[in-house]
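The same chain A turns up in both complexes below, where it pairs with chain B and then with chain C.
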Partner chain A sequence: MTKKAVFLVVPALLVLIFPLAFENPYILHMLILSMLWIVLGVSWNLLGGFTGQVSYGHAAFFGTGAYATAILVKSGQPPATAWWGLLVGGLAAALLATFIGWICFRLRGPYFSLSVLALSEVLRLVALNWKEVTNGAEGILFLPAFNDKGAYYYIIFAIAAITIFAVHRVMKSKLGFYFLAIREDQDAAESLGIDTTKYKLISLMISAFFTGVAGSFYMNYMGFIDPGIVFDLSKISIMMILVTMLGGAATLWGPALGAVIYILVSEGFRVYVGSGHLVFFGVLIIVIILFFPNGIVGSILEAKGRRDRRTDNKDPKQVAA
Partner chain B sequence: MTPQLAGQIELFLQVVIAGILLGGLYSLIGLGMSLIMGVMRIINLAHGELMMVAMYITYLAFSLVHVDPYVSLFIVLPALFLIGAGLQKYLITPVMDVESVLPQNQVLLTVGIGIVLSNLAQLIFSADYMSVPVSYASKTIYWDVNVGGQTISLSFNFPFLVAFAIAIGLGAALFLFLGKTDIGRMIRATAQDKRAAAIMGINTKRITYITFGLGAALVGAAGTLLAPVYYIYPAIGGPFTSKAFIITVLGGMGNIAGAVLGGLVLGLGESLGSVYISLGYKDAFGFVIFVLVLIFLPKGLLGKSSV
Partner chain C sequence: MRKTFVAAVAALAMTAGPAGAQEKVVKIGVPLPLTGAEAKFGEMEKQAYEMAAEEINAKGGVKGHKLSFDIQDSGGKAETATAIVEKFVSINKYPFVVGEYSSQCSYSVAAVAEKYKVPYLVVTGAADKITQQGWKYVFRLNPPSSLYNMGVFSFFETVAKPKSIAILYENTDFGNSTSKAMKEYCKAKGINIVLDEGYQAGAVDFKPILQKVKSLRPDIVYMVSYLMDASLLMRQSKELDINPQAFIGGGAGHTLPEFLQNAAEASEYCMSATLWTPQVKYPGAKEFFDKFKAKFGKEPDYHGVEAYAAAYVTADTLKRAKEWTAEAIRTALAATNMMTAFGPIKFIAWDQFTNQNRMETLVLQVQKKKYETIWPKDAASAKYVYPVPRWRDRK
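And now, the complex of A and B:
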């Protein structure tokens, strides 16, 4: 077994047996939220970090995923449809992504970001006002399929693992190189024959799919959604960016680390400070951006890269060559 | 003319008046954002939060020492200028020089600033809705017009009227400042070409501090003027940041006349839309207009983007 595999398998096993060892529902809840945010951060990162298309409106996909499943269940299906209905949420979000991409990829840079934000806000208002389908501001209440938090723990663990694995595979494939090329220089990529709009759209669809699944899971787990929660600009869209930034954009594990820190900091301070607890997270974000512009994992990788280069230079064979 | 028709006209005119008065305040919010975006290409996602800070200053001045909101403008404008210039100097400028994977670190920094400001407000003042209960909050001026034999009575809300007048005054002052003074010329030069401006001996860093300070002061003025007619709560900033973007994009970045026009268009659009189309979708109109303008008129309604 390689060293890398050990680093992956051992923590994974620990996470898997954790609920058997501890039955504290609060800790379990925190872990479930952490993994939910890992899914959100990692999927945002595929579009924002690796492909360079910073979206300020991913709540659109989160909310669509949540509402798609909620409406499916409310249309008379048994509650168990909800958890395999996660797929429905993902597909609905990916479908929405084609539409949003069709409009917003006409724009670049900050204008792309802001246009996604605008459309996501429009969707929130639709969810709020289209009462026949979404039940408006009252939201949708729903009886969860499982009473036990443990079941949700394993479901979200599986989703998180699949998301990380999928992003890893994508970034190792030809697709991933196209994404990086687009981020580094879109015009150069275009001139080399990459259909940039097509590949940006693919990146957005994959990203939206997993975000939608996460939204759908959130709805299952919480048993209640309303437009103000799942389409929230500052608590979902912006937080997905900050979580990714904190850990390190365009790194595989950065967003995951950022997600765990976010849940620890925000939930930790919620206990002691109550309302306004996010002030600490805000300060953390400012400090990270000022001193570690590429996030925690990004900065570690950078430092490692510098050290490797230094040692390489000292190697006489290298210098001779 | 039948009384029904007269009633229809009265409603329409009343809605237009409300829209224009609201638009004056929006213009002020948009002016600040437009200045910041036009000169520094900075997207300031803490714009609404700066307005919130101004509202709380107004609230404190009123509730502690009974300073009238319009008088507290003299406190709010310098205070917000200093806050804005300080944020630019100590937080935003250092980040703009740093290389990073994502080119948008500076935007996210303003997000962080916004989170800190709104949560601080929540810690200090709690999330409760507060108001500045001035005696003239609901004072209204009526104006009777005779149209085709029918009397149409139009009402003007006093605080909105004052806000509109002050907004137009500040807009005009800004226009003169940018056009006639040395610092104004430096700001315009920096907006056009930062490097060339630096070569000509302009301290462009100092200009960015001043510009951000001015932008903050303008949105602060909007906050103070809004305080008598609106609730004050920590999360009020977000929706106004969105509105500021819509206005700025409508008017074209850095275009002063455009920002005023954009504010009026948004105010009118919201007011007409909420009465004649749907109250629930009031805020959606702005966003739809925003995306359409970005795609079809990327330089704004006036078709040019320079300070």
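And now, the complex of A and C:
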């Protein structure tokens, strides 16, 4: 076993046996939310970090995933539907991504960012007003299939692992190099024969798919969604960006670390600091951004890259990817 | 530097608990939105809980224990509210959960409480569905939103007898649920609904909708709104010179003291459904209002008194419970039958509701820049003005 594999397998095993050792629902709840946000951060990062297409409206895909599954269950399918509904949620989000990406990625600059922002707001209004299908503001209730949190824990662990693995594989493949090329210089990428519209679209589809799966899981786990919860601009779309930036955009593990910080540290402040907790969390974010301008993982890798370059001229970009 | 810090902490710790170790405390978990858009309501409720706890403890507490509410900020987010309750149940081991503000959060908390078989008292979340699930551990102190209008209905039947109505509501769970009850009532009674329109939460320009209202000339304009929209709807109605027989609000925004300031003279004669006013004849209602106003320098509305009453219901339940386990507290809570400043509290089942308190709701009207209770007659503090004078006939 290589050293790198040990670093991966040992923590993974620890995470896996954790629920067996601690059967505390509160702690499991926090870990489940952390892993949910890992999925969200990592999938946003594929598009925003590696491909350089900043999305201000990923709640559109999150909400679409949640609603696709919810509507499926509401239409009288057996509750087990909700589980293969995860796939339906992901595919619905990817389909939506195809539609918006196909239109917007022909353009450059802020058009895509602004279009998804608008898209997520439009979808929120649709979900709010199309009452026959979505129940409008009353939301959709779905009584969770398991009473035991352990089941959800393993399911979201699997989803998070698959997401990270998928992004890792994509970034090691030809696709990944195309994405980086597009991020660095679209004209140069085109002149090399890369169809930028197509590859930006592929990046968006993968990102949207996992975001949709996460939305669908959220619906399964929380048992209740309404348009204000799943299409929220500040609590979903913006937090996905923050989580990525905290940990380090365009690094594999950065968004995951950012997600864990976001969930666990903000909860810690809420419990131990009390009424001023948001101020403390805000200050922490400012401090992180001041001292780790490329995110925590990003800045560490950069420092390591500088040191390596001094010794053997290694390219930091490769380390980062 | 470090020494001063340690000394300061030590001093704080000493002042924090004067009675020291012998004092026994019983803690009850309360999630509330203290930050975010609903913070205003959460803050008022927090003050009411704490004021009630002080009073209860001054009278000797509960079975020799000091009653203390562990109030935690949910930020109005369903997943944070859920996390707080998970923590209350699994780490703090509280046998009883009370509170939350919005329907959305109350609903999520209720689902968690039912799952862990811990009694939960809903205090302000009004959407009907919360007590329509047949849940055994979920109780509700406030009436469901479909009953918010009962006072208005009886006013319609006895006094107003309207023929047509325009219904405007904020497109949220509360707005939908409340306006739905009004629509069903109107359909059953043959009142013509000329307009039925939900608007965006946070909207500021209502003139397009109000123009429609003006051209349809309904007898009643009925609105379910929060604070800003309630004020703006009235101001813009005045500007457009819309003259129905009456403007009626469905609770929430139309009952807040800030509504009187924001809408100013446009609020005059506006009616609203409400759950409570300081003029109700329940024992302690007026005292609560005066004490709260003196202590915090602002007037409480029905949300404040709901929290205040919830604290007393909690103390009463704990006193009657044989032991302080979730099961025994649930049994005691189910047998609650008491009078509070908010009104009589008793949890019963009817229609699809279970463990639901039922009470009379009132109608108030703004008269001379003050809220007056106008309906039902035996609770009225002033006579209603109906139909209301046209805008241009007012001086």
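Side notes on the structure shown:
Assume the second predicted complex is superposed on the first by the 297 of 321 C-alpha atoms of A that agree within 3 Å, B and C clash if a C-alpha of one lies under 4 Å from a C-alpha of the other, contacts with A are read in each partner's own complex, and residues count from 1 in each chain.
The rule we apply is simple: contacts are C-beta pairs under 8 Å (C-beta built on N, C-alpha and C of every residue); 3 or more make two chains touch, one makes a residue touch a chain.
Note that this is a predicted model, so its numbers are computed, not measured.
Of the two partner chains, chain B is the only one touched by A:113; chain C is not.
Which of chain B and chain C touches more residues of chain A is settled by the count: it is B.
Within the superposed three-chain model, A:250 lies in touch with chain B and out of touch with chain C [touch as defined at top]. By the touch criterion stated above, A:54 is placed in contact with chain B alone, chain C being left untouched. Legend: residue contacts after superposition of the two complexes on their common chain; A:275 is shown touching both chain B and chain C. By the document's definition of touching, of the two partners only chain C reaches A:223; chain B does not.
Once chain A of one complex is fitted onto chain A of the other, the partner contacts of A:129 extend to both chain B and chain C. In the superposed model, A:233 makes contact with chain B only, not with chain C. In the superposed model, A:25 lies in contact with chain C only, and not with chain B. Shared interface residues of chain A (contacting chain B in one complex, chain C in the other): 125, 128-129, 275, 277-278. Taken together, the chain A residues at the contact with chain B in this complex read 48-49, 52, 54, 103-104, 106-107, 109-111, 113-115, 117-119, 121-122, 125-126, 128-129, 233-234, 238, 241-242, 245, 249-250, 273, 275-279, 281-283, 285-286, 289-290, 293-294, 298.
Within the complex formed with chain C, the residues of chain A that make contact are 24-27, 29-30, 33, 125, 128-129, 136-139, 141, 143-144, 147, 222-224, 226, 228-229, 235, 267, 270-271, 274-275, 277-278.
The residues of chain B lying in touch with chain A in their complex are 43, 45, 91, 94-95, 98-105, 107-109, 111-116, 119-123, 126-127, 234, 238, 242, 245-246, 249, 278, 280-281, 283-284, 287-288, 290-291, 294-295, 298. By the touch criterion given at the top, residues 34-35, 72-73, 75, 77-80, 82-83, 86-87, 89-91, 104, 107-108, 111, 115-116, 127, 129, 171-173, 175-177, 198, 200-201 of chain C touch chain A in their complex.
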